[in-house]
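Please go over the structures that come below.
Look for chain A in each of the two complexes below; its partner is chain B in the first and chain C in the second.
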Partner chain A sequence: MGRQTVNKSQLAKHCSVGVALLLLVGCAREANQPLDLLEADSVARTRLLTSEQYTNSISQIFGEDIGNSLLTPMPPMQRVGGLLSSGAAFAGVTSDQISQIQQSAASVAEKVVDEFHRDYLIPCRPQRSTASDPSCAEQFLKDTGRLVYRRPLTDIQLAELVAIADYATQQTGDFYEGLALSLEAMLISPAFIFVVDRAEPHPDKPGIQRLDSYSLASRLSFFLWNGPPDDALLLAAQTHALQSPQGLAKAVDRLLASSRIEAGMRAFFDDMLGFDNFNSLAKDPAVYPMITATTLENAREQTLRTIVDHLLVQQADYRDLFTTRKTFMSPSLAVAYGTPSAKGWVAHEFPEDSPRIGLLTHLSFLAANSHSVRSSPTLRGQALREEFLCQVVPSPPPNVDFSSLEEDEHALTARDRLAAHNSNPSCAGCHLITDPIGLALENFDGAGLFREAENGVELDISGELDGVTYQSIEGLAVALRNHPKLSACLVGRLYAYSTGGPLSLKDDQATLAWLEDRFVANQYRLPATLKALTLSSAFSTVRSASSDEDTDSLNRGDWRMDDAPARISEEQLSLSTLQRFGSLESQL
Partner chain B sequence: MRTFNRRRFLRGTLNGGMVSVGLPLLNLFLSDNGSAMANGLPIPQRFGTWSWGLGMSESIFVPKNTGANFDLPEEIAALAPVQEHINLYTNFHVFRDDAPNLCHHSGWVVLRSGTAPYTSENRPGETIDVSIARQIGNATRFKSLSATATGDVRDSFSYEGGNSVNQPEWSPLRFYNRLFGDDFQHPNAKTFAPDPSVLVRKSALSAVREDARKLEKSLGAEDRQRLDQYFTGLRDLENRFDLQLTKPDPREACVVAAAPSDLPAGLDADLVSKRHRMLTDLMLMAVACDQTRVFNMFYASAFSATTRPGYDKPHHTATHEEAVDDALGYQPNTSWYTRRAMEEWAYYVGALANCKEGDGTLLDNALIYANTDQSFAKVHGIDGIPMFSAGSAGGRVKTGLHIDGGGSPGCRLGYTAQKLMGVELESWGTKSNTTSSDIGEILI
Partner chain C sequence: MLHRRSFVVLGLTGFALLAVSALVIVLRSPTLNAGIPLQASGFTENELFERGRYLVTAGNCASCHTSVSGEFMAGGVAFKTEFGTIYSTNITPDPETGIGGWTDREFLNALRYGVRPNGEHLYPAFPYTSLALVTDQDILAMFAYMQRVPAVKQTPPDNSLGFPYNLRSLMAFWKFLYFKPEVYEPVAERSAEWNRGAYLVEGLAHCSACHTPRNRLGAKSQSQHMGGGEYLDRIPGGEYRHWSAPSLTSAGHGLDLWEHDDLSQYLLTGENRFLQTFGPMNDVILNSTRYLKEADIRAMATYLKALPSVDKAPSTPPSAELMGQGQTIYNLHCGTCHLPSGEGDTDMGPALNSASLVVQSDNPASMINAILYGPQLPDPSGESRWLEPMKPYQYLLTNEEVAAVASFIRNSWSNDAGQVSLAQVAQQR
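Up next, the complex of A and B:
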C-alpha cells in the first residue's frame, strides 16, 4: 500500500479541537488518507509506579512470596482521561509516602537476605558473614540493580552502593544486613519508583527523538506485562536489538507469547472498567443477603477471566464480549446467578434464552454501578458511555431544581422515578443519554440479581442507544456491540495506557485513526492490535511533554482538568433534549 | 508565644564508632500557659481535622443563641457531652467568584485550601493540615497521619499539592501495624538502644539523592517539580532517622492496646461508626505516644454514600430526593444521617477530652478543625457552611461558643488555626476567600 504523509496540523484544521475524540476519529477517517506513521510520536513521560506495578516489580525480581507479603506504599492514582494509569504521569509523592516507601524497601531487603531467600537470590557467598566482601556485594548489587533500575547501573552508582554495603557491614557486623541496607537505598531511589522515558536523537531522522533502548524496554513491559523488563528484554535493549524493526518485532512476539501478557491485559481492563471501585464496594446485607465480599471479589474476577479467555485465549472479536454467553463461574457466583455450583472456577455458558448476555449483564458491571441498596439506571448508563464509548456525561448542574425529584410514593419502578428527571429540561439533557441504557438493565437489581418485576410491577426494559432502539437486554447488548464508537474507544484507551498518559486531542488523532484502522483490519482482535501498536512509530518516537502542552491549550486543559478525551458535546445534549421536548430551555 | 529553641546532639557510640547527629528543633511551639507533663517536659501542640459530608438541616442545626451556653437544636443534640470543648461556626460563607459552584466539591476545597476550584477534578493545592505539619510536625515519627472511616483509600482532604494526596489509612489493622510495628519505639520504655542500621540508612540517602540529581537533568519543568517534592520527602525521611537515633521523651498518656481486628467493607452507618471509632482510638494512641502532632480523620465523603438500615437511599441520594417534611420543616432521613455524623464528632472530641495528659487532656493541647462540603446539600448550598473547632490549643482558644460569621469568609477559621499553630501568614486564601481577619472571639 502506498503511503501518503498526512500533516497533523492540516488534519487538525479539519477537526474542531473543541469537539470530542469520537468526532475527531471520525474526522480523521473521513480524510481517508493512510497515514505515514513515520511521523507519529507520543509524549515522553515520567510516571510513578502504580501500586500493582510496584508489587509486580518486587515479585518479578525477588519472587512472589516477597511481593505478595507487602502492603504497597504507592498512593492511589487520580483517574485522568478515563485511566488511573494516566494519573501516574502527574502524581507526586508526599513526605508520608516516601516514608512508607522506605519502610517497604526495608521489609523487602530484609526478606531478600534472610536465610531462606539468600541461597537463591544472592549469587555468591561472602568469605565471612561478619565482614564486608566488596566483590560479592558488587556482584549482587550489579545484577539486582540492573533489574531494579531497569537499566545497568553506572559505575558511580554501583560504587556508591557497594560502599554503602561495606559501611553498613562495618556498622552492623553482618554482611547480609549490610547488603540489605544497600538494597534498601536502591528501592527508595527515584530510578526505581519513577519510570522515566529517556529520549535520544533518532539516528536516521534529524530533529526526531526516540526512546532510548532501555526506556523502550520499560514501555513495552509495563504495557504488556504491567511489570518491569526481564533479563531477556534488558539484554535486547543492551544490544540495541529493540531499535531495529526485526529485533523489536521479535521482542514483542516474545512478550505477547509470555504468560505475563495475561497479567498485563488484566491490569489494563481492570483500569479501563474502573474496577478499583471493588476495593471498597459492598452491598447492604439486609437487602442483598446472598452478596458477600467473596461474591463481589469473584464478580471482578469473573469479568477479567472472561475478557482474558475471549481476547487472548480464543483471540475472538472484541465486540463479541458484549454478546457472548460464555463466562466463568465460581461457587459464590453460582448462588447469585442461580446456576448449579461446582468446585472452584469452571467455564460456564449461559443458555440462549438467558437474560445474561455479555459484559453488561455480569455482576461486576451491574453491582458496581448501583447503589448499595438499589439499582441505578443512571449510573449504569453513565458507566456504559464512559467505560466503553469513552464519552463523559457531564455532572448535574448545581442549581438544578430538585423538587421534581422528590420521592413519589406512587413511583413503583425506576422508570417511574426517573420520569421526573426527564420532565425537567435541565436534567433531561444528560438523563436521556444515560437512563434509556440503564433502564434496559432493570431486570437486574442493585446487586445484579435477576428479577422479573420491581415492587410487583413488570419491568419495561425497552430503550434506545444513540438511535438504535431495543425491547430487550439482548437488544441493548447488540446495540453496544455494533456501536460505531466502541472500537475507537478501546484503541484510544489502549494507546493512552501504552504510552503512559492521556491522549492529546491535537497530536494523537492521526495515530488513533490509524490504530483503529489496524484494529478493524485485524477483525477486532486484541493480540494483533497490541502488536501493531507496539511496533508503530508512535510507540517508540517521542516528543517532549512541555512542547505538547505549550502548543495545545485545549489539550492542556484536558490533562489538567482530568476530563476524558471524549466529552459529550453540547450538540448531543441539545439533540437529546430537542428529541424529548421539541425545544431547548435556556438552562441548556 | 514563648520561644523554646532546643537543639540536642546525640553523642554515642555505635559499634565503637563515635557519631554526632544534629537534631531538629524540638517542641518549638509550646503552649503559652507553660503546661507540662508530670515529668516536667513541655506539652507539644497538636492540630487535628475532622470532616463530615453533606452539611446540615439549618433549622435544626444552627443554634438560636450565639456566644457561650448556646442552645443545641435537635440535629446537634448529640454534642451535649462535649459542648464545653467545641466551638460552632455558622453563617460563614464560601466564595466561588468566577469559578462554578461544583457540587460537593467547592465547599471543602475552599475551606481546606483557601481557593475555589474550577473543575470537580481540580484537587486543592496545599491544604491547611500540610502547612501546619510543616510547622509543628517535624519532631515526630510521622509528619501527619490521615485515616478514613469510609474504608476507601481514595477519601482524603489532605493534599500536599494538586497532584499529591496524603492517602488515608482505611484498615484498622493495617493502621495499627504501621503505627506500632517494628519501627515503633515506645516512649516509656526503660531502655533505649539506637539501631545502628538507622545511621547507615541516613548515610545512604546521599546516594539516593545523587540518583535523583542525575534524573533531574533529564526532566521537564513540571516533572522537576515532582522531583523537588521527592527531595523534600527525603529531607523529612532524614529527619525521621535522626529522631530514631534519639531516646524519645516519655509520654505518660501512651498506652499501646492490642491489635484490632479488621472490618468488612461497607458503608452502613453502624459499620462506618465502628470503623470511625476504631480508627479514632488508634489515632489518639498515636498522638498520645507522640508519633504525630498533625492528624486527619475523615468520617464521610462529600458524596457520602452512608446507608441507613431499612431505607433505600444512601445519604447523598437522600439529600436530593427526599422532600422537606412540611410539618417538621426538614428532611427526616437526611437529618438522621447528619445526626449520626454528629454522634461521631462527639465521640472524636470526647475521646480526646478523655485522654489525660499532664494536668489536663490531649484536647487541652490540641486544636481540631472540622468542616463539611455543603450547607444545605439538597440545593448544593455553600453559603452559611457550618464548621466546628474543638480544643483550647494549650489555653489559647476559648471553647463552648457559637460564633455567627455574619457572612464573612469561612477561610477565617483556617487562617486562625494556622496562625495559632505558628504558620506565618499575612493573609490566607485567594480572591473573595482571602482573609487576614482571625476569629477574635475565640482567642484568649
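Up next, the complex of A and C:
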C-alpha cells in the first residue's frame, strides 16, 4: 500500500538534491537501469472457483471424461470492474448452491472409484474391497488431496479424511464407497471451492507480506491456465523454488510454453469481451434466417481463435487485432460472411477491399451488441468503450422518457431514429459517447451481415471517436487501434484478472503505469507482458483488502478529521432549557 | 556616491520603521477599559440570550470553535495557514481553559480589538478585523449567550507557527498597518435593508475573510474587496489544499447573473439554479446562514448585489487544440450528467454553462478540487438531490486531462474564465 515505482524523473529529481559526487554517481547509475517495479503489491483475496475453473480442476485431477460429464455446480458471477472473474472475489454460496456442489462432488467421487477409473486414479488396492484399509485410503487421499486443495493436507486433515473413509467403509462394507465419501467431503471443502491467497511475512522485507508458495502457485496457474497447479508447479512450491526470482521465472516460462496457456488466455478474453452473453444470445429467425445457434457459437469461437493465433501463435501487436483481416472461418460462418469455406475450421483472410477489418467487424461483436431484430449503434458504441477502452457508459436515468424514441415511421435508418437522442438533453450526454461509434458499423445489420443500405437508403457511416473523425469502417478500426486508452485497458484487465479482483485506481496506480510501460516496451506483445506481470513484485506481494480504500466514499462526508469543523445542529445552538435559564431551583 | 546615498536612505528608513514599531507596541498595549462593565439596556435576560444566540449563529462562531471530536465551542479546530497552524480556542465558560473568567468588557476587547484579557494580541485567523464592526449591545448579547454554553474543560493544542509569526507582540505592528477597530456606522443614503446586510456581511458573517484576496502578510486587499480570495482548507481524506473563494462583487465572473432571489436561496438552502454548495462553504451555510431569518438573508443579498465590481484577473484563452482535448474528456466523463450543453440536469448534475461562481472564478483551485476529489456534499447523511454523487477523478484523469477539461468548461457556452494551467492542477493534486 502506498509503495510506488521509482521512475527516471523521480530519480533525477532525487539526484539533483544531493551534492556529494559519490551520491550523484550512484544515482546516475541507478537512473540508467531499466525501469522496474521495485516495490508494489496486490490485494490478497479469497475467491470462489468459476464454473470453468471448477470443471478444469476436475478434468485436470481426474480426467476430462469425468470433468466433461458434469454440469458445473458453481453459481454465476456478478461482473465487477468489467470482469466476471473479479466478481468471484465477492461471491458467496447459498445453501442451495452448496447442495448442488455436494451433488456434483458425489457424482465425481462415484466416478473416480468406479470400476472404469479406480485402477488408474487410485494408486493402491485394498487388501479386501469389503473392509477398510487405512493405509491405502491414506495414500490415495494424501496424493489426491494435494491436488484438490492445491497444497499438501495437514496431518489433521488427512487423519480426518481417512477416518471418514474407514467409518463409511464399515457402514457400507465397501472400501470404495468409503473412499468416495471421503473424496466427496474433500470436494465440498472450502479449501477446494475457494482459492485463498494465504500470506506470510516476507523474509527480506520487514513489514511486507507475500503470498506463500502454494498460493503463488495457484495464482499463477489460475491466471495462465485457468486451472489448478499441476504436480510440477506444486513441487516448485513445496521446495520454495517459486520464492526465488530464478525459480519463479523458470516456472513461468514453463507455464507460458505449455499448451494450456491457450485455455488460460481464451478464458481471459472470453471474460473481457463479455462472451458469456452468447449463452443466452438469439436472433429472430424470421429476420435473420441464416443465423442459427451454431452460427453464434461459431462466431464466439472465431474471435477467440483469432485472438489466440494473433497474440500467442504469431505473438503480434495487440493493437493490430483491430485492423487485421486474418481470422478463421467455419462453414456455418462462411454463409453469414458470404464467403466460400472448406470443411471445419480454416484460416481465412478477408480481402483488402472488404469491409471486414479487425474484431469490431466480427459477427461476435456485431451480433452480440445488437437487438434480436435489428442493429444497435448505441449497444455497439457502449461495448467498444467498455470492453476495449475500460470506460463506463452510465445506465439511463430511471425517469428517462422513452416515448420520443418510439418507432418513427419516417425514420429509415438508425441515424434518423437516434436523432431523437440529440434532441433530448437528458439522453444526449450518454448517446454522444456511444452512437457516433456505433453508427460507423451500420453497414452490418443486427446479425452482423453486411448491407449497403437500410430501407433503401444509403448509409452514412461517418463518425468520431474521441476527437478522431472517420468516414469508413476502416477509419473507426484505425482510430480504436491508435486510441491512447487501448493499452491501459488491456493491462488493467490483465492485472485484475491475474490477481483475482478489481484493481484499485489509487493503490495500483503505479503498478498499472509500470505494466503499461512494459507492454509498450514489448511492442504490445502479450506473452512478454504476461511474463513481466507474473514476475513483478505486485503479483507475489500482497496487502490486505481493508487497505484498498474506497475513494468514492470520500466525498460522502466520512473524511472529516477530528480537528475539522463539526456540523452544528439548530438544537445545539439553542442549548437546553436548563442551560438557558440556569438551575431548575432558580426557576422555581 | 549614489550607492552610499541609497544605503543612508535605507538605513534611515529601517530605523524609522523600527522606531514606529516600538512606538506602536508601547502605545497600543491593548488593555483598554478592561474593568468597565458594559450596559445592556432594554432587554430581559431571556431576550439578551436569544439575541446572543442568533448573533453567534450569524457569526458562525461554532464552526471554528467546535471540532468534530470535541464539545460545542470547546475549540481545537485546526487552521492551516501560510504562516503555520493555529488552533481555535475554547470559548465555553470554563474558568480555567475557556472564557469563564472573562468580563464582558474583556470579551468585547477580544472581538473589537483582537486582544486577550492579559493584553496579548490575537492572530487575525480570529476575524476581529470584521467583528470590530459589531456594536457593544450585540457583543454583550453574544457574551450573555456564551456564558450559558456548557462549560468544557479542554485545552486546545498549541499553535504551531514559525518565527517570527510566533511572536504575538509583532501583531501590534500588523494592526497598525492593516486594522482600524471601528464599529459599523450606518450609511445614511442607503436603505435600512442595505445597512443591515452590510452589518451582517462585513461584520458578523465576516465574508471578506475568505472572499477578499490577502497580501503576503495576510491582510485583506482594500482595492479588491470581495473580489475573490484563496485559503488553505481540507479536501476529502483530510489533506490541505488551496481553495478559491469566488468573487462576490457584481463583476461578470461574480454575482452579475445571480438575481437577488438566487443569492437568498443559496444562503438559506445551499443551492440555487446555478450552484450547489460544496467544500468549505458547507460549514458557512449549514452551520450558520440556513438558521438566519429570511429578512436578514435578504438584507445580506441586497448588500452583496450592490457591491462594486472588481475586475477579473487577466487570463489566457485556451487554444483550439486544448479545447478539443477538453471537449473529448468532457463528453466522456462529465457530459453524461452535466449534459453536452453544460446546462445540467435536475437529477444528474448542476449546470456548468453559466453563472457558476466556481467555474467562472479567476482562480480555478476549488473547481480543480471538485474534479480531483469530488465535491463534498453538503449533507452526507441526508438524501442527495443527485442520483449519484460525483466521483473523484484523482486517479482517473492525468494532470493534462484535468487541465484540458477544466479549460474547456471554463471557456465554453457562456463561460469566459481562461485557461487552466498544468501547474495549477499540479498544485491541487
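Brief remarks on what is shown
The definition used in the following text is that the second predicted complex is superposed on the first by the 509 of 588 C-alpha atoms of A that agree within 3 Å, B and C clash if a C-alpha of one lies under 4 Å from a C-alpha of the other, contacts with A are read in each partner's own complex, and residues count from 1 in each chain.
Everything below uses one rule, namely that contacts are C-beta pairs under 8 Å (C-beta built on N, C-alpha and C of every residue); 3 or more make two chains touch, one makes a residue touch a chain.
Computed from a predicted model, the values in this text were never measured in an experiment.
Legend: residue contacts after superposition of the two complexes on their common chain; A:D253 is shown touching neither chain B nor chain C. In the superposition on chain A, A:D65 makes contact with neither chain B nor chain C. Of the two partner chains placed around the shared chain by superposition, neither chain B nor chain C is touched by A:E349.
In the overlay built on the shared chain, the residue A:L505 is in contact with chain C alone; chain B does not reach it. When the two complexes are superposed, the chain touching more residues of chain A, out of chain B and chain C, is B. By the touch criterion defined above, A:E452 reaches neither chain B nor chain C.
By the touch criterion stated above, A:S372 is placed in contact with chain B alone, chain C being left untouched.
Across the two superposed structures, the residue set of chain A contacted by chain B and also by chain C is 398-399, 561-563.
Interface of chain A with chain C (complex): residues 391, 393-394, 397-399, 425-426, 428-430, 432-433, 466-467, 505-506, 509, 551-552, 554-568, 570, 572-575, 579-581.
Put simply, chain A touches chain B in their complex at residues 46, 71, 75-76, 78, 90-100, 102-103, 106, 156-157, 160-161, 164, 167-168, 170-173, 177-178, 181-182, 184-185, 188-191, 194, 196, 198, 276, 279-282, 284-287, 293, 371-374, 395-396, 398-399, 402-403, 405-407, 544-546, 561-563. Contact residues of chain C toward chain A in the complex are 46, 49, 53, 56-57, 62-64, 66-70, 72, 76-78, 87, 148-150, 157, 234, 236-238, 283, 286-287, 291, 324-325, 327-328, 331-332, 335-341, 343, 345, 347-348, 373-377, 379-381, 387, 389-392, 394-396. For chain B in complex with chain A, the touching residues are 14-15, 17, 100-103, 118-123, 142-145, 150-154, 160-161, 163-167, 170, 174, 177-178, 183, 196-197, 199-201, 203-205, 207-208, 210-212, 215, 218-223, 225-227, 229-230, 232-234, 236-237, 240, 264-268, 305, 307, 309-314, 317, 320-323, 378-380.
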